[in-house]
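These are the structures, in structure tokens.
One chain, subunit A, appears in both complexes that follow, with subunit B as partner in the first and subunit C in the second.
Then we have the complex of A and B:
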């Protein structure tokens, strides 16, 4: 059902609007020239995506956030460890490279950027489509990407076969940070996406 | 004597950013708390002049902590800190007795202005 073209289009529109909004807030947060570009957004088959991710052997730090309310989604944002340290330096207004090792601030930078992006998504649902969603506090995990993804899927396996994948790049002065985001519709959220598709 | 402030936020990086702003503004940050439970206990122990309180936190959120602290001390000065797009929670907090609010991401001047207003020094 999610792969119906009109719903697919609605999901991509929500992703695009959310990234635009997140980009504005992120720029203000680090008080420097920054923008987030959405490089790709597509619905992927959950089994295939999980297999792809499990083949990677990368250490990442990610934030998992539930969006609960008129619909239910699970959101995952992650970056590589080195990029989390750049985010921390930028947020604390330090020279990039000051943070040499992963620490609570690098972890917390991902927590806060995840928060910003989840709030941007819930804001788009609320302001553009009158659908109320509330983000829960982020759970931050530092692990191999496969383990992080398993944790993300925990308690929601079997609910849906499709997942929205958003690949984006944070362009910040001379630093480009590649971020990965996943939005997993849960429960009756298909009805909400169908409603959005009908209002477009 | 400088006013004593407690920062309540589950994100260490936000606590650090707020601490820098407040200390540069001449305030004394006497404690940092990670959630609403710690905030209520710290309020009982230290009786600060003001708290900055994040809304979305694990275990006990900022709204619950606000209610509990105001039940202990109806004159407690609490400034809510929240992400943009959480206006519904923010309005609940203001109706419940929060003195002012700061929207994340915040500017230094806005933080100091909210604190001055809450402390009644303007």
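Then we have the complex of A and C:
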């Protein structure tokens, strides 16, 4: 069903709206320009997607958040460890470079950005499509990117071998931070995407 | 000690099998998944499977679609591929296994532990000995399997690299 072009269009629209809203909120918070671009929205094979991620071999810190309600989604936001320190400085309004090692502030910064972005996505579903979603508290993980991504997928792909991935990258222009976001529909959330497609 | 800097490298994803001969190195990252490496010393050939879940019902649709996903179907499939590609029988193979961490602490079941138990059981059933293992903990793993000598370099996140 997810291969239907109309549903792909719905996925891309939800992703774009969420990303626009997330960009606005985040830019305000850190008082600097943040641009979030959607890189990809695709249905991919579990093995191929994770092979690509494993190839990256970086250490990251990420926040996993469940969006639960009329539909269920799982959201992942991650940055490289060095970038989490810059995020901490931006959010604490300190000079960039003040945080020199990964600490509780860097971890909290990632948790907070994850919260902001997940709330933005929930807001779009509620305001534009009358679909209520509530974000759960973020779980922050500091690990290899491949390991983090596997845990993100773990509860979602028990019976399935294909995963719908919405991948975005945001850039904080002045500091050149690259972050990644993934949104994964769970269970019968495909029906919600069908509904959105039908209302377009 | 560092990871191998080689051009001939294969990367393994979830529910994936890669088999090759020296000079290849086979690499993967693991969370609660388990990597089982099988090696035939004489032929300098080996394979790695990245197992995500403990069991699938035999001949079920899930098992047919992705044999490498489940321990009970993945290990026979890895042995089968070693036989088909290199003509190596199971009796010549030795195993090493890694991973199975519990990274998400709020999960009530320890899927990593279940994966490890199921993998050990699958290897026992086919009579392949386990020469080394590093499993468990609360962090992910990076694993590199060198087909030149069958050694595996393994790093649990935050720890130093060890060789098995």
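Convention: the second predicted complex is superposed on the first by the 172 of 200 C-alpha atoms of A that agree within 3 Å, B and C clash if a C-alpha of one lies under 4 Å from a C-alpha of the other, contacts with A are read in each partner's own complex, and residues count from 1 in each chain.
Throughout what follows, a contact is a pair of C-beta atoms (placed from the backbone, for glycine too) under 8 Å apart; a residue touches a chain by one contact, two chains touch by 3 or more.
All values derive from a computational prediction rather than experimental measurement.
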* Quick one: subunit B and subunit C on subunit A, clash or fit? -> fit
* Report for A:57: first if it touches subunit B alone, second if subunit C alone, otherwise both or neither. => second
* Asked: Between the C-alpha centres of subunit B and subunit C, what angle is opened at the C-alpha centre of subunit A, expressed to the nearest 10°?
  -> 120
* Would you check which partner chain A:126 touches, where first means subunit B only, second means subunit C only, and both and neither mean what they say? => first
* To do: Pick one for A:146: touches subunit B only (first), subunit C only (second), both, or neither.
  => second
* Considering only touches as defined above, state whether A:92 meets subunit B (first), subunit C (second), both or neither. => first
* To do: Please work out whether A:109 is in contact with subunit B alone, subunit C alone, both, or neither, and reply first, second, both or neither.
  => first
* To do: Check whether A:49 is in contact with subunit B, with subunit C, with both or with neither, and answer first, second, both or neither.
  => second
* Could you tell me how near the closest CA atoms of subunit B and subunit C get once both structures are overlaid on the shared chain, in Å? => 10
* To do: Could you pull out which residues of subunit A sit against subunit B in one structure and against subunit C in the other?
  => none
* Considering the complex alone, what residue numbers of subunit C touch subunit A? -> 11-16, 27-33, 52-53, 62, 65-66, 68-69, 101, 103-104, 106-107, 111, 139-142, 157
* Structure fact -> Listed in rising order, the residues of subunit B that touch subunit A in the complex are 10-14, 16-17, 56-58, 61, 83-86, 88-89, 104-105
* Can you name the residues of subunit A that touch subunit B in the complex? -> 25, 28-29, 88, 91-92, 104-105, 107-109, 111-112, 115-116, 119-120, 122-123, 126-127, 132, 134-137
* Mind pulling up the subunit A residues that touch subunit C in the complex? -> 46-55, 57, 59, 64, 139, 141-148, 150-151, 153-155, 157-159, 161
